[in-house]
Every structure is written in C-alpha cells, then in structure tokens.
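Chain nomenclature is as follows: A, B and C, assigned in order of appearance, with residue numbering initiated at 1 for each chain independently.
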Amino acid sequence: MEDVKEMTADVKKNIEEKKPLKKVLVICARGTLEDVYAALIMANGALSEGKEAKMFFTFFGLDAITKAKADHLHTATVGNPAFMRSLPTMVGGLPGFEALASHMMKQEMDKLDIPPVTEFLEMIEAGGGEIYACKLAADMFHIKKEDLVDEVKDIITVGQMYDLAEGDGVQIIYV
Amino acid sequence: MEDVKEMTADVKKNIEEKKPLKKVLVICARGTLEDVYAALIMANGALSEGKEAKMFFTFFGLDAITKAKADHLHTATVGNPAFMRSLPTMVGGLPGFEALASHMMKQEMDKLDIPPVTEFLEMIEAGGGEIYACKLAADMFHIKKEDLVDEVKDIITVGQMYDLAEGDGVQIIYV
Amino acid sequence: MEDVKEMTADVKKNIEEKKPLKKVLVICARGTLEDVYAALIMANGALSEGKEAKMFFTFFGLDAITKAKADHLHTATVGNPAFMRSLPTMVGGLPGFEALASHMMKQEMDKLDIPPVTEFLEMIEAGGGEIYACKLAADMFHIKKEDLVDEVKDIITVGQMYDLAEGDGVQIIYV
C-alpha cells in the first residue's frame, strides 16, 4: 500500500509541478509591419525553444501571407503616437512619410538579422511551424489559396483553429 | 497491485492526453469595427464548437455594447496601412472616407451573413455566451447599466473577470 | 484496494475540478496610453486577486518602461474612430488635439485614482509583479538597461519570456 500511496502522490506532484509551455497558437489579425513581425517573432521564439507553433492569419493579418502584399507591409505611423513621438501626428499623414518610416523600421530589423516577412514564414515552416489562413477573412477579402504564399498549409474556419489549441500547456496569443 | 498500477497509469495518461479547449474568455478592449467583429467571431466560433464563451468589454471596446454606438462602429482607416493600401494615408483622413470604408466593410460582412453588432450580441447570448462590461471603463466613460444593450449580464471588475477564466482548458483571448 | 480506488478517484477529481487562474503573463507591445494602461490594469488586477503577474514590454510597448517616455504616453486619436466619435477623423490630426485628448483621458483616470504610468509600475513591483523588457525590441530601438525605469527586473529574450509562462493555470495576455 505504501508503494501505491507514493505512486498517487507522485501523480499528484506531477500535476502540481511546473508544467512547461508546449505550444503556442499565434493569431495575427492586424496587417501593420510591427504587428505582423510581433506575431512572427512570437511563433519563431516558441519554435527556437523546442515548442510547437501554429499561426492563424485573419482579417487584415491576411496581408502578411498574401503573395502580393507580404513583403510590402507598412508601419502604422498615423494614429501610432508611439512612433516618432517628436513629430506632430499630422506629419505621419504626409504622403511619403509612412513609406520612409516603414523603410527605417525595415532597416533596423535588417541590422538585427530579422528577415523579410516571406523569408520569415519560410523559416517558421522549416522549423516545424504551421501556417493557416482564416476562411471567413479570405471570403471577405476575396482571397483564394493561390493568392497566398506556399507556406500556408490550409484555409480553415475559426472552429478548426480552436482544434489547433487542444492539449496541455497551450497558449493562444492574439496579436 | 497490477490493477492499481494500471489505474494510476491511466490517470497519468489522461493528464498527458490531448485536452480539448473548453472555454474562451474574449476580452474586447478596442472599438473599431474590425476588432469588435474579430472578438464576436472568436466568441461565436467557440460556441458553435460546443465550447463555453465569455466576453468582457473594456476601454473603447465598451462602445460595442453601448446602445447608442453598437451599430455605428467605424473602421480604422487612418493609421491602418493594411486598409486600402493603394491610397495615400492622408486620404483616410478626408471627411466621409472613413464612413465609406466602414460602409464597404459592412457590406462585405453582410454578404457573408455576418449580422450587425447588436444582432451578433443577441446570437451569442442565445447560444449560451455571457457578456460582461468592465466596471473601471464604465466609470471612466460615465456609462451606466441602462446605457448598455440588454444582453450585458453585469458590470464587473477585472478581478471578477479573472474568475471567469477558472477551470481547465481555458484560453483568454485579448482582442 | 477500495482505499486506493478512492485515492485515484480523488486525484482524478482534482484534475477535473475548476482550477483557479494562478498567474498571468501580460505582454505589452503597444505604446498608446490606453493600451499601456490596459496592460497595467490586467497585471495589477491579477495581483489584487492574489495571483502572480509578470509583464513583458516589447516593440512600442517599451516606451511605457523607458524613463524619458513612461509618463508622456499619448492617446491614439487619429486612426481610433472609437475616440471622440463625433469629431471628423481629420481633427484628430490637428496639432495640439492629441495632447488635449491625452490630457482629458489622464484626468478621467486621475479621478478614478489610476496613478501615472511610473507610479503604476512601482505599485505592481511592490505588489510582487515582475517587469521585463524585450531584448530584441531594446536592440531595435537602441535602448539600454539604464534608459529603463528601475522597476525593470531584466532585459530578456522571447524564449526566456516563455519560461515565465510555465506552470498550471497560466494565461498569456497580449495587449
């Protein structure tokens, strides 16, 4: 009986012990350069630590996995008071400024060896990550499978997305 | 003893097995048309899959459950470079353009049978979802229970919101 | 044997019972007044309920823990249609308006006894919360440890951030 008590105690201990994070499901619903990179970095960081990573792109986030747009995302300068604080907000709206800000941000990222979006998606897929597009958003923006980068595994519903979050030690991160 | 060993092993296996997602707590803190719909779709998608869904509206997200504003939310055109990429950002700021963009987005959603916000909230409540407003945000914007749509179950604190996230297989999704 | 059966049943029951939320890891990736306060309120609300709270500031969210900027965050008026709905979006871009809106929001928060950002960070640290900065973002914006408020425990990688989310009853909240 002692033996059994220890066993159940052991099971109990296992339950109470620090459980590692095993998987992240990153939902990317925004299409600005900074939000898309944040989502990619969250997913890639998990893969680097030996965790699973699934990505679900929806709403304006779809741009990040659309062939024609993935490498042409922009920074949200207008309406983003955190960007270039010293300039009056209006300046952010001047034609050309947003392109300049996006260019500067891309340069900084390049210096830190952060790859362009399409390369980043390839890296994530090569690292075992899975990339999905949202069916509802694809329908809304009239986007088809062939418009999306090759790394996209499938176009799935929100319900199917929730299936990806099954298991223990899973976190949904909505960027 | 063998019998017991199997039992504990069984318990252990249950713990390690894929646990389904059982509940989502969707926090909606933003008031743009796209963010509010994303939150509603996340909650509704969970309900459709037989999961529980709780919603907590806070900060500008309160607009989505405020009688006077729920069906008059706007798209964030300015500062959202993902929207209408081909137009210079400035155009987004021209009076009337935002209304046009919001109208177009609503039309696309209508085509996909996505209901107006107030109907969507009714649907979620009818499907077993629970809708809450944030006390702090309500105080900050001077909003009272009677200003909110009838589907709002209660105005609660952030601490009470965390109680909604109790249990196994729960995910907080902050939109 | 009955005794053992009860024990394993008991373990099983514990597993299936409502597990309390024990810890939140709040990721703050945006630098607007409302997003930063939302993140602080989420973390502080958890601490008030006797839960653990860790905070990870990244991308523009870094501003919130940067000495020179923490108490000078602005509201995103332009591109935020939920703010001051009655005014045309353009007005949000007029010089001075954003400062006025930020001032008004700060006043409302002051009335509700919500402290300035730096005081809020002190409160969270005093309450047992832990505040971290993102290494990648710090590198990107050329920010060093001495530029950050004293409450920042460390500058860590995304991988190290995920270690903070270990354990049972943990939620990552990405603001």
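Convention: a residue touches a chain if its C-beta (ideal position, glycine included) is under 8 Å from a C-beta of that chain, and two chains touch if they have at least 3 such contacts.
Keep in mind it's a predicted model, so treat the numbers as computed, not measured.
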Type of chain A:chain B copy interface by residue overlap (half), same or different: different
Superposing rotation of chain A relative to chain C, computed on C-alpha atoms, to nearest 5°: 120
Cα-centroid distance, chain A relative to chain B, in whole angstrom: 19
Chain C: positions in contact with at least two other chains: 4, 8, 11, 15, 76, 78-80, 92-93, 171-172, 174
Touch list for chain A against partner chain B, complex: 3-4, 7-8, 11, 14-15, 27, 29-33, 58-60, 63, 69, 72-80, 92-95, 98, 102, 136, 139-141, 157-159, 161-163, 165-168, 170-172, 174
Residue ranges of chain B in contact with chain A within the complex: 1, 4-5, 8, 11-12, 15-16, 18-21, 24, 34-35, 38, 41-42, 44-46, 48-49, 51, 76, 78-83, 85, 88-90, 92-93, 108-109, 112, 114, 171-175
